[in-house]
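Some structures are shown below for you to check.
After this come two complexes, each holding subunit A, first together with subunit B and then together with subunit C.
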Partner chain A sequence: MAVKVLKPGLSTTVQDLGRPGYYHIGIPISGGMDRFALRCANMLVGNKEGLAVLEAVFMGPELIFNADATVAVTGGELPPKVNGEARATWTSFKVKKGDVLSFDFLKKGARAYIAISGGIDVPVLLGSRSTYTLGALGGFKGRKLAEGDTLKIGKGRGAKEGRSIPEKLRRGPGSPAELRMLPGLYWHRITADAGKHFLDDTWKVAPEADRIGYRFKGGRKIEFVDRVPPFGAGSDPSNIVDACYPYGSIQIPSGTEPIVLHRDAVSGGGYFMVGAVVSVDMDLIGQLQPHTPVRFVEVTMVQALKARKDRAKILEKIRNIT
Partner chain B sequence: MSKEILSPLPGTFYRKPAPDKPNFKSEGDTIAVGDVIGIIEVMKSFNEVKADKAGKIEKFVADNEEPVMAGQPLLELS
Partner chain C sequence: MKTRYSYGGDEHIFVECDEEMSLDAFFKSLSITTAVKKAKIKGVTEICPANASFQIKFDPDVIKPTDLLKELKAIEKSAGKNKSKLKTRIIEIPVLYNDPWTNETLMKFRDRHQDPTSTDVEYTARINNLDGLDGFIKAHSGAPWFVSMVGFVAGLPFLYQMVDRSRQIQSPKYLRPRTDTPKLTVGHGGCFGCIYSVRGAGGYQMFGITPMPIYDPNQKIKYLKDFMCLFKPGDIVKWKPIDRAEYDATVIAVEKGKFMPRVKDVTFSLEDFKKDMGGYNAKLMGALNGR
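Coming up: the complex of A and B.
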């Protein structure tokens, strides 16, 4: 079975849970920006949680099916339509041979996950089907989808129609979105006042935010503690001797605009990191539109691990009902 | 009721192709389906907004460099 791309949307890519294990040699982890929604989409259509789906950002694609299948759309509120007729999000529905799947305007969030029973069957590269567009690696020919592409779909019986995830178990950012963060190794580089501003100020998502990193604007400038730059560090006060950048780390080049590194980020460099966003809130970042207000909320390691455990429980609940 | 052209994307709306260039379209212009009426900047890319309806531009509802949401009206047609 196959699906043909009639219209690609803005930037629609094949993603699964990612490509961990190669970050230390410069290959980012990639995978869905909102992996909770990605897992849910797969479960709704009867797939294994980690099969490849389509991640559509801000704008849906238009696809034509050459065989019957079960489909589910989760994540941001991007209402699907079959032959122009509305379908619910976070709910499985059937698509027949010859049907066209399209989308209404984005109502909420930023990224939708489109799962098709059987999963998108692209070659597995370094253990994953995810697309890393900057490196032209994985996914469909290492790039975002284009008009006329034909995607092979794996074999899968597909779940029945109407399988749904209750609204209280779905997840999206509030307004302002609250991103929990753990202060990191370089927190001492900024002044006590700057640390307070960073957490007190409301930031806004910059339009250039993408899969590599999310940039935030609008907070007060971060002031640094004076120092003599160590050997190997650049002269800007935000420079450090090159170090590894963890997934979720928050750098603030020259103290102006914080950037949270996301799934397609570079793995190292010379900017200090003020801390890292806790893993479970990385999904929320994937759903932030430009200009959305955001606050960073400081947590301890104990709180961060508790948040991860709580999220795992919700996922387990969903596994039991799908 | 007047017809509207809606923004397909969230981002920053621009009425002109470059800061030193004139607007794509002005109020009172007659536009055809497929005409470029502006640009939306998002994720480091600039995406042309093409008219999906024809008509005469009554007024622009979104200003140059204004942040817009997907589905938000950009202009009204008479």
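Coming up: the complex of A and C.
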């Protein structure tokens, strides 16, 4: 079975739960930016949670099916249509051979996850089907989808129509979006005042926001503690001897605009970091549109682990109803 | 050298071996990460050595962050006793300095540079008191470099020259990063050299270009068939200055699958190196050239 891409959308890529194990040579984990939504989409169509799906940013693709399948669309509110007829999000529906899947305008969020029963069957590279476009690696020929591409679909029976995830179990960012972060890494480089207003200020998502990282602007400039630059670091007070960047780490080049690295992160570099966004809130970043107001909220490791447990419980609930 | 531990969110532990760069800090990072790899700690998913630090990614559902922290500190203690000996390899990389492609790119981004009136090589030569292009090439390619980290993007090596600190080339990053860098540009920022494995954004000074690919996701290039990235931390690199004719010939040889880089296995001893850097580097060159 296969689907053909009639229109690719803005930036639609094949993603699964990612490619861990190669970050030490600069190959990032990749995979769905909103992993929660990706898992849900797969569960709705009766797939294993980690099968490859399509991640569509801001705008949906248009696809034609050459066989029957079950489909579900989760994540941002990007309403699907079959042959022009509306279908619900977060709910499984059937498509028949010859049907065209298209999308209405994005109502909420930033990224939709389109699961097809059987999963997108691109070759597995270094253990994953995810696309890492910067390295032209994985996914469909290492790139975003283009008109005329044909995607192979794996074998799968497909769940029945109408399987749905209740609204209270879905998750998206509020406004302002609150991103919980654990201060650390090079937090000691900034003054106590700067640390305070970094957390007090409301930031806005900048237009430079993609799978590598999200940039934020609008907060006050960050002041640094004086120092003699360490050998090899560089003269700017925000420079460090080039080091690894954790996923979710928050760097602030020259103290102006924070950047949170995401699934296609650059694996290292020479900018200091004030800490990292906790793992469960990485999904929320994937759903932020430019100009969305954002606050960084300080948490402890204990709180971060609690948030992780709470998330695991919600996923378990969803597993039981799908 | 004081080791500093920090959590990076709930899935990383970040360890700074030293605030400043040195071969000692690099070897400390390499020996601890090698020991962590051997320890096969359950729940550890990524082990990333860097120039003077390293990072461990883990699954906190499998191992408690506090437990992993304890294990790492214990490993640091025992790994510190190891002699700094390294079984590694030396790789010769041909480079066309002052090439037309990086020159064209650097002219496009002159407004982002410290000195818009000269090229990156001219500027770096001047601030390091080197005698123009020739003096620069001599200093840059005269002594080998350690791959002290691989990353930023897939397969990109950070390089640290194996000379006394007083002889190390230092050059700031661009004032504002470029949006473009030719693939296989030989760059430099702070005290680190690099090779851009893919085309893309970058902030390092641009000195030249190598005809030899170092990353191939399709694994069609003969010497990248085993793995798509050439470099590992701990590799030693020796630049070989080439002219335009040799550059063109090498590009064709790579395309035809006839080019193999010159690579030799060597054992590196940090103690012996520190006793006589010049003599030790001469021995490494001897090994590379089969003498």
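Going forward, the second predicted complex is superposed on the first by the 322 of 322 C-alpha atoms of A that agree within 3 Å, B and C clash if a C-alpha of one lies under 4 Å from a C-alpha of the other, contacts with A are read in each partner's own complex, and residues count from 1 in each chain.
Quick note on the criterion: contacts are C-beta pairs under 8 Å (C-beta built on N, C-alpha and C of every residue); 3 or more make two chains touch, one makes a residue touch a chain.
Because the structure is predicted, anything quoted here is derived from the model rather than measured.
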Larger contact residue set on subunit A - subunit B or subunit C: C
First, second, both or neither for A:86, with subunit B first and subunit C second: neither
Partner chain(s) touched by A:291 [first = subunit B, second = subunit C, both, neither]: first
Partner chain in contact with A:234 - subunit B first, subunit C second, else both or neither: second
First, second, both or neither for A:277, with subunit B first and subunit C second: second
Which superposed partner A:192 touches (first subunit B, second subunit C, both, neither): neither
First, second, both or neither for A:142, with subunit B first and subunit C second: second
Subunit B and subunit C footprints on subunit A, overlapping residues: none
Contact set on subunit B toward subunit A in their complex: 6, 8-12, 41-45, 47, 67, 69-71
Interface residues, subunit C side, partner subunit A - complex: 6-12, 14, 16, 18-22, 45-55, 57, 60-61, 65, 149-156, 158, 160, 165, 172-173, 189-192, 197-198, 200, 215, 217, 228-229, 231-233
Partner subunit C, residues of subunit A touching it in the complex: 20-21, 23-27, 125, 132, 134-138, 142, 181-182, 184-185, 230-235, 239, 241-244, 246-249, 266-270, 273, 275-279, 301, 304-305, 308, 312
Subunit B-facing residues of subunit A, complex: 10-11, 57-59, 105-107, 110, 207-210, 289-291
